[in-house]
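Right, I'll just put the structure down here and ask away after.
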Amino acid sequence: MNESRAYIERIRRVSRGQQRLELAVEPSLAAILPGQALLVRRIEKDYDEACWHPYLRELWHPVESRAGKILSVERDARASYAPGQLLSVLGPVGQPFRFHPKLRNMLLIAHDAAPAPLLLMLPALLARGVSVTLVLMASARAYDASHLPEELEIVLAEDDLSWQDMVMTWGWADQAFVLTRQAGADEALSQIMSLARERLHEIPANFLFAVAQRPMPCGVGACHVCMLQLRGAQKLQCLDGPAFDMTAMRLP
Amino acid sequence: MNESRAYIERIRRVSRGQQRLELAVEPSLAAILPGQALLVRRIEKDYDEACWHPYLRELWHPVESRAGKILSVERDARASYAPGQLLSVLGPVGQPFRFHPKLRNMLLIAHDAAPAPLLLMLPALLARGVSVTLVLMASARAYDASHLPEELEIVLAEDDLSWQDMVMTWGWADQAFVLTRQAGADEALSQIMSLARERLHEIPANFLFAVAQRPMPCGVGACHVCMLQLRGAQKLQCLDGPAFDMTAMRLP
Amino acid sequence: MALEITGSGKNPLRVETPVMPAAGTLGFGDRYKSLVDLGKLGALVTNPVTVEPWRPAAGPRLVPLDAGILVHTGLPNPGLKSVIRKYRRRWATLGIPVILHLAGSTVPRLREAVRLLDEVDEIDALELGLDDGIGARAATQLVAEAAKSEKPLLARLPFYECESLALPVAEAGADALVMTSAPRGTARDAESGKLVSGRVYGPLLKPMILRLVGRLRRELPGEVPIIGCGGIHNPQDARDYIEAGAVAVQVDAATWAQPRVLERIARDLGGWIATRQGDALLDEWNPDMGQTEALRRRASQSGPSRG
Amino acid sequence: MALEITGSGKNPLRVETPVMPAAGTLGFGDRYKSLVDLGKLGALVTNPVTVEPWRPAAGPRLVPLDAGILVHTGLPNPGLKSVIRKYRRRWATLGIPVILHLAGSTVPRLREAVRLLDEVDEIDALELGLDDGIGARAATQLVAEAAKSEKPLLARLPFYECESLALPVAEAGADALVMTSAPRGTARDAESGKLVSGRVYGPLLKPMILRLVGRLRRELPGEVPIIGCGGIHNPQDARDYIEAGAVAVQVDAATWAQPRVLERIARDLGGWIATRQGDALLDEWNPDMGQTEALRRRASQSGPSRG
């Protein structure tokens, strides 16, 4: 975790709803791992005068790392950015995802949220021959995934969050990561958890992970805004997250 | 007085310290007269969402009007602007300067302030053969006037605000406009007034004008922030100004 | 579909939309004509008027702040009689109720003011400004005196004493409480290096005053209407005040920054309230509408997250 | 050249620079290591600690505001004993004084807390957080109990009651007054549509709290030091508090937005105070220096523009 300066080197519209920003970053940041993210402020000068506008840093999710100094992040295409924009970057924030050692089949679920936080794992997993399925649920079904790798299987869930071959997908998966928006996360996770239970009877530890997306004012474990109450333990999303084993969560 | 949209069409660096922005404005604004100004907000979209950042509109001084739809304003070169920037403009603010009907010699004084508010009169006066002298005082001596018309006589005052040929300049002048910064305006005006008195014995009405530069939150006479207490009368800079006869002012 | 925004004692004050300018922001109805369609507002609240003439404050009057401004005008005005003489004809033509803001008074002066005002048909209500630091005793004496007017009385409470004054002022006869005047603050004028005292305006007032409105709506007797004022910059800000329990709102410094915001808020709230009152279904008359209604319903199911 | 920032009763608390984090912003000295050189701060004020463990608040904890944020964490912490056990070794290595912030207490709990704390050499002072809405009686009882500690006692006053509590709390034994905790407010969480209650942070707090500090500095006995806290985002904000009469300042949410701001303010004020104390001439050690000194001198000649 460090604060460093970066800038936007290039902007590419990659699909209907998404753009990718290529950031020139310090080498330490280019080594970021899947699961980790950046807390970013756009700044005018090297010294950040108006650090109250806005107060909260934006959480940017790297989706690709290149040449040891370029990170691509994926952002909603409606946000407007300019090449050359100077950035103050806090990062890396969070713990890398811990993958199953014998991972063959990965299930990714994005519920009501664009899947950017899940994408950095794709190059490495696909290169290792892991089959990856990305299920888009609720408003995430509108996500235009045309720019994602062809080997990735994309599934659109029904309104009741089910999908064709759901039994098979759950059965084959060695691990699953579920991304939700902050609002209503508990309800959504709990619904997905019951779906999984129906198919699997028992959910093992280290199998089903929630990827949390609370706002993070400090990103370093000081303000306690991002604290989660797990069964018997309190965890900080910024230090211990973003992935939490859903079997340890207190869901409604 | 109206609110309208405009945008920055072109930006030119005109001298060491100054840039000129060419604004595409509504035709009514292009007919602005010397003395009048614009209250400007830079906005992102047509509807101005964050009208609190900043609260105060900037006071922009047109220095040239062209083709019935382009206004040039002069701004400090350190401020950064981009072509295409959308603006919300309130204007015209204030009353036109009232020139002496038989004006032959005009004395302009800029004390501690860049002379932009005085420049829009130059094209018309010089074209009519009026001789115009611009005296730069205090920090205004650093103003780089190399882009101003050649017919304009530029004089740098001494530390005590005197200048060579001062007696003559005061004697010849049919009218004088004195521009000061808001801070310390009263002291500066009072000092210049006594200098004038020394040279002229008696100062006639409609001869010596102060050009006021208080901040103006509303620009339409509603908030009373810009009110001046003159002898026996209260005047609003935004409605009655910016020029006030110095013989009617209560100076220290 | 007029809304009553003062309590039931006197002829209630009726507005077509629960949105008006805060005293001191819009003049006397003679300014802003070319920028705001005054007829689309719920009412005009005049600039503050004192019984005797007041002169403008000396020294810096305004300090730009990060996300706000500090203002100290000294409330210059030519005194009540002149104001009435000068503006009554204009008020008659506005087509909306006129609320005269009375500032800086004593009991004898207020008596005089009420006598004058009750003769002026063009004025529909009084708003009494209570100064910061005023104790409950002084405040209730002033309010009781002003309440002798035949016209409905709004009392504008100071920010820091809003909680302690609300009940006594309501009991002393105010027909509505305006919460609040802008808080006092101090800032350095960069030009002169001087510290300047004045009132502070900015969007951060909204969460603070919204909380006061919500708390006091729960604590005060139901018949005392509350008018919310502080940091309103868009229709959603205004709706939040109404949902927290205000019957109406006053928009302050936002009008200076962007005059069209005031009219837009007035139009938006007018339609919104009409729809709510008539218990109509969500409709498409306003693009922001559906979402806010949905928010309101969700919010009213779950309530505030604390206390 | 150490500065004393608590009154003379006990061993005074000495700092090298009058700048520290506000309770709740910097953790317990274990976070921010890689971002802020803690040794350059005047002191560490810990996150709030309660005698019993507290759990995090349910529901939305944060609402982004225009030019601010609203935060409600519920002050989760594992309780005083655990905190001491967990962090005392770290505190010993920091090289700056440690001020433990105690929150949410009763007299018997405070008695227990003081007993525990007086045994911990790694803690140099106590800061007692007084909750909003606390009356003068309850506040003075808590302060009198906490003042029995051998360590200097800072009392953090709530925003809305700061003026009424300052004198009684000082008289009850506080060695310094922290003005103030962030005001409470309410805002709508856009994600859930819920109204959320919490504390409000933003630059607009500064003019309001600066005024309180200035007024109370004039009204309180000279021996009670005031520590200013609210809306500080740059060195000039901090200097303004010192010039208004504070001996030191606490920086709040700015640290989250831009951690290097905290250290920069600490370095700047450290040098500035040293120069002022030594009555040195303006010098060039800091680029902002000359101008501010000039402003200070002009300001001290002319004073604030109003009473």
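For reference, chains read A, B, C and D in written order, and residue numbers begin at 1 within each chain.
Here is the rule we use: contacts are C-beta pairs under 8 Å (C-beta built on N, C-alpha and C of every residue); 3 or more make two chains touch, one makes a residue touch a chain.
What you see is a predicted model, and the numbers here were worked out from it, not measured in a lab.
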| item | value |
| --- | --- |
| Any chain in contact with subunit B as well as subunit D | C |
| Between subunit C and subunit D, the fewest steps along chains that touch one another | 1 |
| Chain whose mean Cα position lies farthest from subunit C | A |
| Inter-centroid spacing, subunit C versus subunit A (mean Cα positions, whole Å) | 46 |
| Separation of subunit A from subunit B, taking each centre as the mean of its C-alpha atoms, in whole Å | 55 |
| Rounded Å distance between subunit B and subunit C, as computed from the means of their C-alpha atoms | 36 |
| Residues within subunit D bordering two or more other chains | 60, 65-68, 192, 202-203, 233 |
| Per-residue overlap in subunit B, given as positions that touch at least 2 other chains | 50, 52-53 |
| Inter-chain touch pairs (all) | A-C, A-D, B-C, B-D, C-D |
| Residues of subunit A touching subunit C in the complex | 50, 52-53 |
| Complex interface listing, subunit C residues touching subunit D | 57-60, 63, 65-68, 70, 72, 160, 163, 183-188, 192-197, 200, 202-208, 210-211, 214, 233, 236, 240, 243-244, 294-296, 298-299, 302-307 |
| Complex contact set, residues of subunit C against subunit B | 24-27, 30-32, 34-35, 47, 55-56, 60-62, 64-65, 67-69, 71, 73, 75-76, 189, 191-192, 201-203, 233-234, 253-261 |
| Residues of subunit C that touch subunit A when the two form their complex | 66-67 |
| Complex interface listing, subunit B residues touching subunit C | 1-3, 41, 48-57, 88, 90, 181-184, 214-215, 217-229, 234 |
